[in-house]
Structures are given as structure tokens and as C-alpha cells.
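What follows is a set of structures to go through.
The following pair of complexes shares a single chain, chain A, combined with chain B in the former and chain C in the latter.
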Partner chain A sequence: MVSFTLRRLGAGVVLLIAISILTYSILFFSSANIARNLLGDQATEEQIVLKEQQLGLDQPFLSRFADWFMSALSGDFGRSWFTSEPVAVAIANRLPITLTLVAVAILLTAIISTLIGMLAAVKRGWMDRAVQIGAVIGYAAPGFVIAVLFVTIFAVQLRLVPPVSTISPGATAAAWFTSLLLPVIALAINAVASSAQQLRSAIIKQLERDYVRTLRSRGIAEREILFRHVLRSAAPAGLTILSLQFIGMLGGAVIVEQIFALPGIGSLAVTATASGDIPVVMGVVLFTVIIVIVVNLLVDLVNGWLNPKVRVS
Partner chain B sequence: MTEPTPAGQSGVVVRSSVFGRIVRNPLGLTAIVALVLIGAAAAFAQVLAPFDQNFSDITNTLAAPGGEYILGTDSGGRDVLSRLLYGGQLTLASALLCASVAILIGLPTGLIAGYYGGWFDSTASWFANMILSLPGIMVLLSVRAALGPSVWLAMIVFGILLSPGYFRLTRTVVQSVRNELYVDAARVSGLSDLRIIARHIMSVVRAPIIIQTSIVAGVAIAIQSGLDFLGLGDPAQATWGIMLSDGFRNVYLNPLLLVWPTLAIMTTIASLVLLGNAIRDALEDGQKIKAKRRPAGEKKPSRSAALPTVEAGTEQHLLKVSNLAVGYPQADGSIKKVVDDVSFHIDRGEVLSIVGESGSGKSQTAFSILGLLPDTARIVGGSIQFDGAYTVAPGDETVSSERLSALRGRRISYIPQEPMSNLDPAFTIGSQLVRPMTVVLGISKAEAKARALELLAKVGIPNPQRTFDAYPHEVSGGMAQRVLIAGAISCEPDLVIADEPTTALDVTVQAEVLDLLRTMQRQLGVGVIIVTHNFGVVADLADRVVVMQSGRVVEEGDVLEILRHPKHPYTQTLLASMLEDKTPMTKLTVDAAGGIA
Partner chain C sequence: MTFGISHRRAAGVALTLAAGLLLTACASAEPAPSGATDEPGEFVRGEALRLGVLGDPLSWDPSQAHVGHLLQPYQAVYDTLIMREPDGALSPMLATEWSYNEDLTELTLELRDDVTFSDGEAFDAEAVKANVENFKAGNGRQAAQLADVEAVEVVDADTVVLELSQPNPALEYYLSQAAGLMGSPAAIGTEGIATLPVGSGPYVMDSTSSVPGSQYVFTANENYWNPELVKFNRVEMKVLTDVTARVNALVSGQIDATLVDARTAGQVEAAGKTLSANQVDWTGLLLLDRDGKLAPALADVRVRQAINYALDREAMLEQVQLGAGTVTNQVFGPESGAYVDELDETYSYDPEKARELLDDAGYGDGFELTIPTFPGLESIVPLLTQQFADVGITLIAESVPPQNIQADIAGGKFPAAYFFLFQGEPWVAINQMISTEATYNAFDSTSPELQKLIDEVRITGATSDDAAKKINEYVTEEAWFAPLYRLDQMYFYDPNTITSVPQTQMAVPSIYNYSPVQK
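Moving on to the complex of A and B:
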């Protein structure tokens, strides 16, 4: 189990470095006109050359990457080209909002879709049909479309919640609740629709295993077989499904935050992308990838722990 | 299974009938019609649209529907209908591009990885996993930040991000058919790998790829609209996402502007998904129909209140199966019988063997007794009585799980065929032995553990404590089968049903397990039904034999009588077809005779 953990951890680090190099090269090889964009059309050649020197754009790629990488290791991700705010600070201010949004949404998704998937797998019949219809609707309505409809119906038409969020890391619990309620539901609806169907298949697959028949022949009650054996065997598949949903949600959060005007990582990413603020984009990508790697690592570890072949050896 | 059809023709035949089934499915037909209409509307936007997509009537912004502007105008005074039609062009084309890129990357790599395996497989799988762990929108945002607002570039990148889906799908399908006999046959007959892939493997991969594409196209439309909605697309081009964004910005003034692009996006994606589902349903038509009917049949037996009493004079039999028929509903509404008019009985302490080749209905008969038939199976005739009471009364459609759950484990137990797959890999062997005893016998965990250790020793396991603590993957197949035998006798049943208990084992282990079964049976005096295709096992253990062929009993009688003078030609063929014709036969016959004497 220890060597398994170390292997996964190592793979995560390799992935992180690979992605940093890739992102850095795409972003920084294309930053040719950035000084002119920053200074505007009135700037003279000298001012532009000076600005490029300030930003370090005149250095060769490798030395730029090495500089960036070494400072990143010490927690310094540079400053925004537009606001001069340190990237690490900008992200630290916004991360709690995005993480809360996504974590609550994935928790809700996990609970609801497991319940629905289980019921559909065991009862079949109409429950099964409902799950399939729900999956079609879930696919057909992308998260941001649902979010737009939510804002239109609940905030603009019915005025039940404020259309624009009022949260910041220091806001009251009530403000967090009203601000996150609709975004969380908008993210979760989509995820539930698709993962309930996948969890249903994962559970049915386990229900059809030979050992389930043998357990029945031994006089074990159906309920116990389901909760103690089948759910446990379906858990690795379920966790993998949910971890993919989680990655999808990080993307979905980008648009949903924009719609609900939530000051999270996603809206930071959109602003930085539109203005070409490369250090911020780089920082956001990196942090998102770190979150993804950590989640995948946790899922791997839990799955390893659930699998006696890995745990015992 | 089915009649062989010429390889060249089968594809054509399948395709036409699948297409027919899709069109006959109302949802499938609706989806196709909707997609054709949407596609045509987008393709002929230049002709159909009353205005250019960027024609702007500044004096008439946010106009209500009606009049010159059929669906009204947006915040820039542009005609909504025209923009909707032109928007379809870009949206559909980008979905097409994205899916094509994903297929072009995922399909060939999946084929190669699945067919050849090796280093390519592991490298490609690593890349696929890496790409899957990237949050798509973040990647698209950084590409947009680096290279500017190009829809096509974004869709190519998104296609790359979606290619692992195709890679994994293709790889799994190819791996599952690579070692099929017909692929081996093609290889032996000298076809090149390329021809085999093109001819045999592509025909299997095709359907899943089409289904996956319908979903991928929907995802691409959602993402493309999302990027445009965020204002990261090309503002000069009308798209559904840009229209949605314009509507959202004017949600207080004219919420109707939201409706049209939302409808367009949702209708298109829903049609794609429904088409994918219709294709899938058309491909697995038969199973669908079977599954649907089950709940109606299930309720009947549990409601029937008073059970009829069994026929007088038959109560003394431990088990009596009378005219049993088991069938599976088919797609066309008929029922395919796999067991038909089967009757036999077994008394306490007796060993009955049900013999037949695979597909003769012997296992289905055994599972009807245990009440462990698949969900779709139905009892279409006859009855089963155990110890003087019906478990399947005449007229019942399914085996009553209520009645059987009182018997299973307690009075009737089961030894499966494949030892490894019949133990839950997540639990120790000990806990899988202890739990049934605490449930069925109501004894404490400690008592059950002591009993389990005793049983493990009894079935010839050298170190019971170690096996008790082990997980199933830590023991051999022969050991696992001993564990399952221990489990089957742990609650002192009256009847043990063993389904091919030695088939999955090595020959040397087979003999040991048969020895064990014989010893256990004599010590405990239980009735045993052994289901097998192997007359060696029959000769070794059985007192009486039932020979089954194509779901029917063709011969029944005393073991020596049948071994020496088989009457039915099928029995004769079975006996003659035994590979080890002479030596083991004589030996085993003598053995069995010795047992009787």
C-alpha cells in the first residue's frame, strides 16, 4: 500500500510538471504582442522594449521557464500583468468560493445519483425509464443553460434570490447559502442526470456477478447483499464516475460563476483569458490541475484501499 | 449459435434491419427528422434567412416577434430568426469538426492498442488518462488566451480532449474480439492484420462508435455554445451561444430572446442523444423487451395466499420436480423454452445426477429449484415441491422468493461451478463462511468462527486459520472450491445442489474434490443433485441419473443400468463421446459398484 501510494504520488508530480511545461510553452510562445497590448497604441518602440525587459519577455524560453518554475516552487506565481496583484493572492481569495461550490455540488451529486442509480438497478421498471429520460434531459441541457434559466426564473421573474451573488470569503453564512444555492443546483442537475445512469449500470454489473447468486443461495437477505456486497464492489467504478464528474464540474463552474457573478477561480480565468493576462491564466490552470491531481490521487487511494489485492500486498 | 452467414453480406443485412428498427422507434424517428430539419435549416441558411446574420436595424432593437422580423430582433437590432439559422451553421460544423478530430485520433490508436497491445497500448493509455484528467474548459481558455478566438482551433483542441473516449471504447471492444475464434480463423487462413481489422473488427466497433459520436457531438455543441456565451468566441459570427449571451444580458428587457437559442441547443443535443439511444436499443432489441415485462409476472406468486397441498403419496420425497417448463420471453412476444416437461425426484441421502451437454437445460433446472433463475426467466409450466410443500405451485409464473428464502442456505444449498468468481473478492473467506451461519443458524460470531474452522479442516484444508483469514485471491481454485463446499454444508442442509462442481478445476484437483463430495455426502447423509456433462463424475458419485437433451429428459434410471445399457441414442452418444473411453470407465464402474455393495 505504501509503494502504491508513492507510485501514484510520483505519477501526479510527473503529470503536473508535464502540464506546466506544455501550458507554459503554449502561452509564452504566443505572447509576442503582449507589451503593445499592455501599453496601448500610443506607446513608442523604446517603451515597448523596456516593458518587454521588465516582464522578462526578452529572455530565451528555457531560462524564462526555469525562472518561473523555481519561483513557483517557492509559492511565487508572479503578478498579474494588468492589476499587478500577485497571482497567488488572487487565487487564494477566489479558491474557497469555487471549491465550496464544486464540493457541495459533487456531494449532492454523489448522494442523489447513488440513491437513484441503486433504485433503478434494483427495481428496474418505471424507475429505470425515469432515469433514462432524466439522462437525456441532463445531456440536452448543458449546465450553463440550466443556470441561465434558473437566474431568469428564480431571480429575475420570481425574485426569490438575488440575481447576483453577495459573497466573499468573509460574508455571512446566510449570504453564502442564498448565493450558492442556485449555482450548486445548476451544476448538480447535470451531473446527477449523467452519473445516475452510469452508477445504475455499475450496480447492475455487480448484481449479475456469480458471487451474488452464491450469497443468495446461502440465505443472505437481499438488502444485505445490496448494501454490504454489491455497493462495496461497485464503489470503485462509482468513485471513478464521480471523479470524472468533478473534473467536469470544475469546467462547468467557470461558466456558472460567470452567470451568477460569483467571484471564483472561473470568473478570474475568464477575465484573464479575455485580456491575455498570461501569468494569471497560467496560475489558474496550474491550481486547477493540482486540484484534479489531488482528487484523482484520493480516488486512487480509496480504490486501492477497497481492493484487498492492493491493500494486502 | 445462429446459422453462419457469409461474412461479406452480414454487414449489409444487419445495417438495414437496424435502420428499420430505429425508424420504427417513435423516439428514433423523431430524432432523425429533427436532426435532418435542423441540418437542412443550417445548410440553407443563406436561402432561408430573411436577413444577413449581421444586418442591423438600429432603430428597431429588441423588437417583439411578428411583422417583418418573425422572431423579433436582438439588442443590436439584428433579426433573431436569421441569426438562429446562421448560428446553426457554425454550431453544427464545429460539432462535426470536434467529433471528426476525436474519431481520427481515438479510433486508430484504440485499434492498434487493442489489437497489438504492448508498449503502444501502455503509452497510449497513459496519454488517454492524462488527457482525461484535464479540465476541458481550462485547456480551452488557455488555448484561447494563447492563440486568439478561433472556433475551429478550439474545436480541434476539444476534439483531442474527447479522443480518449473513443480510444478507450475502441480498445475495449477490440480486446474483447481479438481472441474470438473467428478472428483466429481469419488469422490462420492468412489474412493480413489490416484486412482482419478492416473486415472483422471494424464491423464490431462501428455501432459503439456511432453511439459515442451522437453523445460527443452534443457535448461539443454545449462547449462551443458555452465558450461563445462567455464572450470568448468570434463576435462577427452568429452562434447560438452568442445569442444566448445577448439574451441573458437583456433578461430584464426581453427574456424571450433566451428562449430561441435555448430551444435550438436543447433540441439539437436531445435529438443526438435520442438517436444514439435508438441505435443502441435497435442493436439490443431482444433484451429490452424481455426486461420490461418482468414486474407484472413477478407480483402474482407472492400474492397467492393459500398454497395448494401437494399430491398425496408424494410427500415423502425430499424434492419432486413435476413437468417443469422454464422459458424466456422473446422480442416477438413468444416464449423460448429452455426446460420442457422435466420430471424427477430425489429422496434423502440419495445422489442424483443430471447429465447433458451445455444448453440441455440442466443448469436452468437446478436454478429453478434454488429460485436463482435470471430475472427474465419464467416458469411456464409444472411444479416443484420440497419436503412436501410447493416452492413452485402449479400455475406459478416465477419462483416465489419468499418461499425460497426460507429454504436457501438452511435446507437447500448450492455449490457453484467456477470457484473464484463465486467468492466476493472484497471479503475474507472467513467472513463469507461466518455470516451465513449467524444468519441462518442464529449462532454467535465466535461460535460460527469455531464451526467454520472445523469445517475448513473437514474439507481438507491444511491450515484452516490461514485460509479463514485469507482473501479469495490468495487461495488456489481447488482451495476455493473446498471453501465453497464447506459453505454449502455449513448450515446442515437436506439437499445440496452442485452445478458442475469440478469443471473449472485441474484434473488432479477434480479427483480430490469428487472424493471430498462423496465423503461429505456419506457422512452427512444429505441428498445431492450433481449437474454435470461428465459421465466420469456420474459414475463416481451418483445413485441415479437423469439424462437431459434440449430441455427435455430423455432417459432416467439407476446409474449402473444406464452406464451399462443406455437405451436412448443420445445417452449412448454421450457415453461414447467420453474421451477416456476405456480405462477410467471400467475403473469407475467398479468403484461405483464397490460403493453400492
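Moving on to the complex of A and C:
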């Protein structure tokens, strides 16, 4: 188990470095005119040249990347070119919001999709068909459309929750709850739809296996077969689905955060990418990759615990 | 009706009551003592002013400040040397009076002696000198505003002289904008001021409640030298880049005022909000390649005029902006002083005449013109293409990433471009799109006649409007541009909580233009 964990961590580090190089080079070669965009249309050529020197934009790619990489290794992610805010502070302020959003959404997805998937797999018939149709509809409706619809109905028309986030430093739990309620649901609907469908298939597959027939023939109660054996065997598949959903949600959060003006990582990523704020984009990418690696590692560990075969392979 | 202000004075300036207060507050060097009114009822400060703002101010260092809607946040924490009133008139603020020498190369400013910054530092001539130097060294977005200021001479504690390398007719205006923002001399030049502003403004930033890029909270500056400008206990600015988010926040009452667009205005109006529109930008084509380097046809003035005749401006305004704007043939705004009424009748929609002109110029069989296109032009480009095709010109719209658009236009990569430009003071506009140094004069087009007029504007100071009008006539008749219309800025506020007065040449009001509704 220890060597398994170490191997996964090692792979994570390699992945992290590879993604940093890739992202940095994409940003470097695609984000032209940063100094000009920073200074606006009143700036003179001299001003632009000076700004490029100040930001180190006149340096060649390798030296810029090396500078950034060495500082990042020592924990210094630099400051935003546009706001001068330290990148570490910007991320520390925003990460809790995005993580809460995605974590709650994934928890909801896990519970609801397991229940629905199980019902559909066990009951079959009209229930199963309803779940399947619902899944298609839920999956087809993009998260941002659902989000906009929710805002219009529940926030603007019914005034049940604020349409725009009220989360700020020192905000109350109530503010967090009302601000995150709609975004969480908007994120979870897609995920529930597709996860429930896949969990249903995983459970049906297990139910058709020989061991279930054997258990039944020994007179073991259906309930016990389902909860003690079938669900446990279907769990690895379910976990993998959820971990993929989690990563997908980090992407979905980008749009949902824009719609609800949630000050999370996603909205930070949007502004920084659009303006070519390389230090901030790099910081956001690094932390996102770390989260993805940690989540995958946790899923692998839990899968290993559930199914010893995974550990050797 | 509203707070304590004499009707006589308000009527006298032909503005709304709220603007009237602003003027009475700043028209004299000494602030009128509060309560010195002939109306009953004491002015009651509003609890909070909650604004939805479009963009982050980025750095709070005054040397990095910007114009237009991005000036507003700085006004909360910093005073400017000169105050710009809603109608554009300049009046005293930190400077009580100012005057030029004979040849317009020295501007002497008399300063208030009763102002302190929020860190306790005193405002004086040395502070002005430090700020001007900081602004020039900061290489900020508006650094060009002080490019002509060579040195600052401190005469005594409350007198300072700005020495210019050449006359600059917009300098007084600039001192009411980014270049006039005064930060504490102890804070400017340090790293900290980028995230924590230290000024002498009517409000002080509450840094514990502020999150860069998301929201800024300010509290009233209780030691402010002009209490009448402190009209709220608290100001909150929520950064809402998405127009839908701004609409939702305003309609549901989360904010008191914000800027929306023509397409969402109906929904906001239906929710009982008050429109306080004004015009800041013009939009249309920059016919940049006037020497015909990339598109030889554009070198012929008849071709450029033909393009102007080919445009059905009314139809485009109706379709793209739902009518929210005013069609125009000139690039200078009505408030600028360079505006000439009659010029708007230069090019009425006349495709027949356009075809004739093209024929005369030898382009009767048409030609191809390439312009860059970017997100936001989806509805206008097909209309332009259609109208160009009607007179035989093939318009090719080439997609350009948004971050490259400004550089590509300024760098002369396209013979023409569709763009949105700010309508500023004549000198600002000239240096934005007409002089050979202008960003949007990509091919450095000029002529001896035009250059003479530009020089005239530079040196004629207060009477420069006549020369500026001639420049306007020149570029309109020479068809340097093909302007379509001035856009209405759809600024809405909640009449149940506040009143708001539009600020000339700004899409959003100055911070001083908001007042709480008096019960």
C-alpha cells in the first residue's frame, strides 16, 4: 500500500511538472500584447517597451520559465501583473469557495445518484425508464442554462436567494448557504443525471453475476445481497465516475461562478486568462492540478481498500 | 424635494437637484458650511451606496489609475487636484485656484492647507510634487497625461508650479482625472499602495471586507475636509463583469446602481429602475489606410466618402442597439467643444451616390476591404457586409483574438477596423485618433493643413475650440472615419434608495454624483 501510494505521488509530481511546462509555453506563445493591453490605448510605444522590461516580457522563454519555476519551488508564486496581489493570497482567498461549491455538489451527486441508480436497477420497469429519460434530459441541459434559469426563477422572480453571491470575508454561514445553494444545484444536476445512469448499469451488471444467483439460492435476503455485496462490488465503478465528475465540476464551476459572481477560482481563472496574467493563470493551473491529483489518489486508495486486486495491478 | 439646497441655485445651473448640491459644494474654494440652506430639513447621510462595477481597478496606486468608469473607484479614496463637475466644468478641489503663465508652459496651483491623508500625512506642495513624480515614474495606463510636465516647483507649502515642455490644452482636465489623484506621500511608491489605497478622499477602504477582483468596501472619512461630499456611511463596489449578473443584482435590489446594455435595459426598466443615460463612446469604422498601403482604394477620398454614403446608420442603430443612441457623421462628441452640428448632415444614406463616387474613383467594379472582427461584433458585421455589398465593396471580416485587437489595429495590420472609441476632450480625442502620435492613426496619416490646426489647438489654450472644430471638419470631409452612432450608456439606479446624475464623458457617474433619497 505504501509503495502504491508513493508510486502514485511520484506520477503526480511528474504530471505537475509536465503540465506547468505545457501551460507556461502555451501562455507564453499565445499571449502577445500583454503590456499594451495592460496600459490601454493611451500608451506610447516607449511606455509599452518599458512595461515589457518591467514584467520581464523581453526575456526569452527558457529564462522566464526557469525564473518562475525556481520561485514556485520555493513557494513564491509571484504577484499578479494586473492587480499586484500576491498569487498565493489570491488563491487562498478563493479556493475555499470553489472547493466548498464542488465538494458539496459532489456529495449531493453521490447520494442522489446512488439512490436513483439503485432504484432503477432494482425496480426496473417504468421507474427505470423514467430514470433513463430523466438522465438524458438532465445530461443534455448545460449547467449554465440551468444556472441562468434558476437565477431568473428563484432569485429574481421569487426572491428566495440573492442572485449574486454575498460571500465576503467574515460572511455568515447563512450568506454562504444562500449564495451557494443555486450554484451547487446547477452543478449537481448534470452530474447526477450521468452518474445515476452509469451507476444503474454498474449495479445491473453486478445483479446479473453468478454470485448473486448463488447468494439468492442460499436464501439470503435481497436487501442484504444488495447492500452488502452488490453495492460494494459496484462501488469502484461508482467512485471512478464520481472522481471524473469532480474534475468535470472544477471546469463547470468556471461558468457557474461567473453567473453568480462567486469570488472563486473559476472567475479568477477567467479574468486572468482573458487578460494574459501569466502568474495568476499558472497559480490557478498548479493548484487545480494538485487538487485533481489528490482526488485521484484518494479514489485509488479507497478503491484499493475496497478491491485488493487494484493494488497489484 | 431632496436634501437641503436652494432651488434658485439648482435652477441656475439647469441640472438636477443632486447636481446642484455638488456644484454648491465645490463652486467656491471654501466649502459652504453644511446646513447653510434656505430649506428646512437637515441632510441625512445614506446608510450604504451599493454599486455594481464592471471591472476591477487593478492597482490602487494612483499612478495606475484609469479614465471613465475605471476612474470612479479611485474617486472614493483619492481627491483630485481639480474637480470635474457632471457637465464637464472644472472647479476647485484640492487646488483652490490655478492659472497659466503667458506662453502656457507654467501652471501655478494654489492648494488647500486643511487636508490630511488617511494615514495622518499632510497634503501640501511637496505632496503634489511627490505624486506628479510618482505618476510619471509609474508608467501607468494614463502616463501620457503628464508626458508634457517636465518638473514640479514647490514655491511654498500651498503653492506649486507645474513646468511644461510644451503647452498642453488638456492638462487642467487631466488634473481632474487620473493625473490629479493625490496619494499620501508616505504610501506612494511603496508596494502596499497597490492593494491598500491611502488618500484624502471622502471614503477610506475597509481592507478586511474587500477582496480584490470581487468587492471593495469603503467607509466614510469622518475627518474629510468637505463633509458635504460624504453622502453615505458606507460604499460597496461589487465587481460584476457579466451583464446578466449586474441586471439580476440590480433588479433584485442587491445593488443600487449599475451599467447594463440596450438589450437588457427593458427588463431593468420594467423592474422600476430609473435610467440615467449619457453618451460616451462613438462606434463605426476607422478608415485607417489613407495612403493606400494595404488597400489602395482607401487612398482615394471619394472611396472613403462612398463608404460613408453606403451606410444606413438609422437601420443599424435600430437593429443592433434597439435605437439606444444617436447617429452621427463626426467623431467628436457634442460636449467636447469641437462638435459641429451641421457635420451630421454630411453623409446621409445614399447608396446611389456611393456607387457614383466609386465609379469616379475607378472602383466601379468594387474592391475588397478586410477588417478585423472580435466578440461583440456579431450583429454589426453582417449588416456592414450587406451594405458594403450593395455598393459593390466586398467586406472580409477576419477573426482576431480579443487580446490582439488593439495591437493589430494600432500596428497597422488592417486597412480599416470597426471599433468603439471614447469621445473625450478635443485634445484627448486628437491624440487618440488624429495626430501622428495617436494610437488609432495606425498609418500616421497627416497633412500640412491638419498639422497646422493641431499645433494651433496646442497653443491657443482656452480658445482652442475653434481650431478643434476645424480639425473635426477636416477629418469628416476627408472621411478619415465612417462613424455610425454614439451609444447610450444604459446606467440605471434604484429611485427608492438613491439618486444619480450622469457625468459627462463617463459611462458611470462620478462618486460625488450619488445621493441618498431623503425620507
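Operating definition for what follows: the second predicted complex is superposed on the first by the 300 of 313 C-alpha atoms of A that agree within 3 Å, B and C clash if a C-alpha of one lies under 4 Å from a C-alpha of the other, contacts with A are read in each partner's own complex, and residues count from 1 in each chain.
We adopt the following convention: a residue touches a chain if its C-beta (ideal position, glycine included) is under 8 Å from a C-beta of that chain, and two chains touch if they have at least 3 such contacts.
Nothing here was measured: the structure is a model prediction, and the numbers come from that model.
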Superposed partners chain B and chain C on chain A - clash or fit: clash
First (chain B), second (chain C), both or neither touched by A:Asn93: second
Partner chain in contact with A:Thr5 - chain B first, chain C second, else both or neither: neither
Partner chain in contact with A:Thr240 - chain B first, chain C second, else both or neither: neither
Touched partner set for A:Glu85, first chain B, second chain C, both or neither: second
Touched partner set for A:Thr44, first chain B, second chain C, both or neither: second
Which superposed partner A:Asn303 touches (first chain B, second chain C, both, neither): neither
Partner chain in contact with A:Val151 - chain B first, chain C second, else both or neither: both
Dominant contact partner of chain A by residue count, chain C or chain B: B
Touching partner for A:Val164 - first (chain B), second (chain C), both, neither: second
Clashing chain C stretch [against chain B; choices 60-68, 276-284 or 312-320]: 312-320
Chain B and chain C footprints on chain A, overlapping residues: 30-31, 148, 151-152, 156, 258-259, 274, 276
Parts of chain C lying in touch with chain A, wherever the complex brings them together: 56, 58-59, 61, 66-67, 139-145, 147, 191, 194-195, 208-215, 217, 238-242, 244-245, 248-249, 251-252, 254-255, 401-404, 406-407, 410, 431-432, 437, 439-440
Touch list for chain B against partner chain A, complex: 130, 132-139, 141-147, 215, 218-219, 222-223, 225-226, 229-232, 244, 248, 251-252, 255, 258, 262, 265-267, 269-270, 273-274, 277, 291-292, 294-295, 370, 372, 375, 401, 405, 408-410, 412-414, 416, 418, 421-427, 435-436, 439-440, 471, 473-474, 484, 487, 491
Chain A - residues contacting chain C, complex: 30-34, 36-44, 47, 50-51, 54, 82-85, 90, 93, 148, 151-152, 155-156, 159, 162-164, 166, 168-170, 258-261, 263, 267-268, 271, 274-276
Residue ranges of chain A in contact with chain B within the complex: 15, 18-19, 23, 26-27, 29-31, 124-125, 132, 135-137, 139-142, 144-145, 148-149, 151-152, 156-157, 209-211, 213-222, 229, 232-233, 244, 247-248, 250-252, 254-255, 258-259, 269-270, 272-274, 276-278, 281-282, 284-285, 288-289, 292-293, 296, 306-309, 312
